[in-house]
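Below you'll find the structure I mean.
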Amino acid sequence: MTNNSIVPNEINLLKSLCEVSSPSGSEYLMKEFLLKYLEENQHNFKTKPVIINNQHTQDGMLWIFGDKPTTAIFAHQDIIGFTVRYDNKLVPIGTPSAELGYELVSVSDKPVHTKLVTMDDDYLSIDLNYSLAPGTELIFAPHFQVDGDWVTSPYLDNRMGIYNALRVAETLENGIIAFTCYEEHRGGNVASLARIIFEQYGVSQALISDITWHTEGVFAGNGPAISLRDSYIPRKLFLNKVIQLAAESGIPYQLEVEGSGGSDGSELQRSPYPFDWCFIGVPIKEAHSPKETLHIDDLEKLVALYSYLMKKL
Amino acid sequence: MTNNSIVPNEINLLKSLCEVSSPSGSEYLMKEFLLKYLEENQHNFKTKPVIINNQHTQDGMLWIFGDKPTTAIFAHQDIIGFTVRYDNKLVPIGTPSAELGYELVSVSDKPVHTKLVTMDDDYLSIDLNYSLAPGTELIFAPHFQVDGDWVTSPYLDNRMGIYNALRVAETLENGIIAFTCYEEHRGGNVASLARIIFEQYGVSQALISDITWHTEGVFAGNGPAISLRDSYIPRKLFLNKVIQLAAESGIPYQLEVEGSGGSDGSELQRSPYPFDWCFIGVPIKEAHSPKETLHIDDLEKLVALYSYLMKKL
Amino acid sequence: MTNNSIVPNEINLLKSLCEVSSPSGSEYLMKEFLLKYLEENQHNFKTKPVIINNQHTQDGMLWIFGDKPTTAIFAHQDIIGFTVRYDNKLVPIGTPSAELGYELVSVSDKPVHTKLVTMDDDYLSIDLNYSLAPGTELIFAPHFQVDGDWVTSPYLDNRMGIYNALRVAETLENGIIAFTCYEEHRGGNVASLARIIFEQYGVSQALISDITWHTEGVFAGNGPAISLRDSYIPRKLFLNKVIQLAAESGIPYQLEVEGSGGSDGSELQRSPYPFDWCFIGVPIKEAHSPKETLHIDDLEKLVALYSYLMKKL
């Protein structure tokens, strides 16, 4: 059963993104992918972006479209996983769901395949008869599946958010895309990028392109979720502006209210630069497990909504 | 029974402040009040301040007095409350005390009055037979009472701190008043204001005008409390300077030592600007409940102490 | 029994450092020591540093060596301890280990000697028949012992890190040493120093000179530990560069992986400046107790490793 709302090419892009191994600290691996993608695809872009990629952005990167940007999209490049400590015991990168038997693969030239095994002395471990080098990074093994309108894969968080940014990039005339680091693990890159965006481009509006949770109030398949708050509360006046534009766009969306959770928006909020931010993302089932699931229609609507907002904000 | 140490006018100012609805995220509502107050009252000010109120301050605002400011007063504009999630379930804004039956009112053009009801599935809820829109903000219903020398009202935290700033403003010749946002809910505005204060005015001394707790060591009615530490520890050399001046002033004060709690001072401490800060405020009974209570004499002494310090620091 | 790898002079320097009383908030006391040390010893330095010590650094300080610095060493000046609240009850400065009978001394012109006594109403207290002034700082009483190759003393954390910086300073030609504040107590000084280092010197590489823990994977006596992560994860590309240089140096070292803990590196990570950082320190037994213990060989290897890295990075 095929889906008509997304062309195979685009599903392949999402699949390719999900197969990139870039746990927090190793985002340079996603940046390499993105630079190659840009090189191969920017002839199809309406506007060719200027790339800011240097010691000031570290493993993050900025794509600047046009000379009158007003708003920046933030999409984080890192994924959750595990670091090997001593004797194959693990400490988490971010907050991965951890169930017995989850398939893992190492981030290395010759990837090692193994499985998550039960806790020993409060540590998670792996099913392997020799010890991996301390510091080895492990991530969920790729397993991308399409079933009708549903996509299931590890790391839709946040390959979905990057996918959205890349699709919006195709038609973006003025705007900034910030590819960020460390969102899954305590942050640390967003404030540096925010400094450049604010000081050099005078931009202080942000949309956070990331996944959110399928809950009792927000449902996969019902459209992108505009978050009214999570553990942080955005500025009401900016939220009102975004929601009014979303309503004008005619694109379906859902309003989300959470008391916990955070995003690159949390870091913008804490930074010494006066950013207004709003989180808009696709609801995902089983977030932070290897079986993250989204509805393809939400994805298409998200791209449309971002494209509209980036013009109007 | 009347109180002689404070004129009715001034109690009315405190009452008016307590009636402004500005939970974290909606501080623009307090800013509107303050701008109107300034317009109506600055003819009585010794010095007319320059107002910094733009996208760089977001919903915060700076009042700059004179051309030789050395110290900034920080007073936060936000109050605690609740956000409606789905089906009238609530998530907190800041850390409100939550007791069965507390009267709440929505922050909206047509305020809805309701009451806090018991927890359902770990959520607080409200006593209402229809669902409020997700994202609706609820705050404690106003209930301002004067009983002899004592004032009881929701939101003395931090209308008291703003009251102090406005009274100090009347005679301030050189100094800055920073009206801030998000103090009750994880912060996010102080660092941006600190950047402007430090980079544009060269000021890096701060007094934090906020309420503190009536405890076994600091008592409502015994004078303003100078905090030697809370969860953060200010720089000893600056504390010593403030305390020496306070002693010279002849105004009674108390010294406070806490191991927890925080204020706008915490955010100055974490910011990348080298601020020295000291918290000086009035002790309040039943903080974060609708029955916050202070002693009027403390308030008058606080205004006197701040006025003295802003001259001498 | 004497130790041949370290001259008595140098052990005396470490001992002198351990006897300076500078709990978080009172780092100016260590700064005074360091300025005096510099005055007396810089004639032996290969390069005479420029000192940045003003309101912008607060109680921190920068030593700038040469006109082509590429990397900064961060060593924190503060130590853990206790603040007296009311009635001799204590709140911690940082996270001191607290056992019945630990000897304490006040940070004051006439030091008061006392002992830690058991908890009363959840507070630690002291064995004294009169009340110390609220705000009085207490620290572990000095007790420096050398036993063969082992040194035991309170406050090897972080007098060891400062010792390392001072020894590296002797031969440093280009580089920065940042003496920081508040590392033990929630931070607050590093971001201000990082701003100066980044904006005025264009330096964004950092080595964190601090103690780490003797654990099941890192052992006192086996050489300096290079941390691959703690609660924060440094940028992999920078770690790889440091480790490659360490391997080239021929100096023995250990690789550490932790899931918790932090350092001045955490604050660099959170700052809005794009710092690459790596923690390299000596493993200590019984950290945060009055009996912190290190192996002298680790110390000498640490100085050698830092000297090598500061040249090559």
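Think of it as A, B and C in the order they're written, each chain with its own count starting at 1.
Going forward, a contact is a pair of C-beta atoms (placed from the backbone, for glycine too) under 8 Å apart; a residue touches a chain by one contact, two chains touch by 3 or more.
Please read all numbers here as calculations on a predicted model, not as lab measurements.
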item	value
Classification of the chain A:chain C interface as same or different, half of numbers criterion	different
Rotation, 0 to 180 degrees and nearest 5, that superposes chain B on copy chain C via CA atoms	120
Centre-to-centre distance between chain C and chain A (centres being mean Cα positions), rounded to whole Å	37
Residues of chain B touching at least two other chains	271-273
Complex contact set, residues of chain A against chain C	24-26, 28, 55-59, 83-86, 91-93, 134-135, 181-182, 185-189, 191-192, 194-195, 271-273
Partner chain C, residues of chain B touching it in the complex	204, 216-217, 228-229, 231-237, 239, 255-259, 269-274, 276
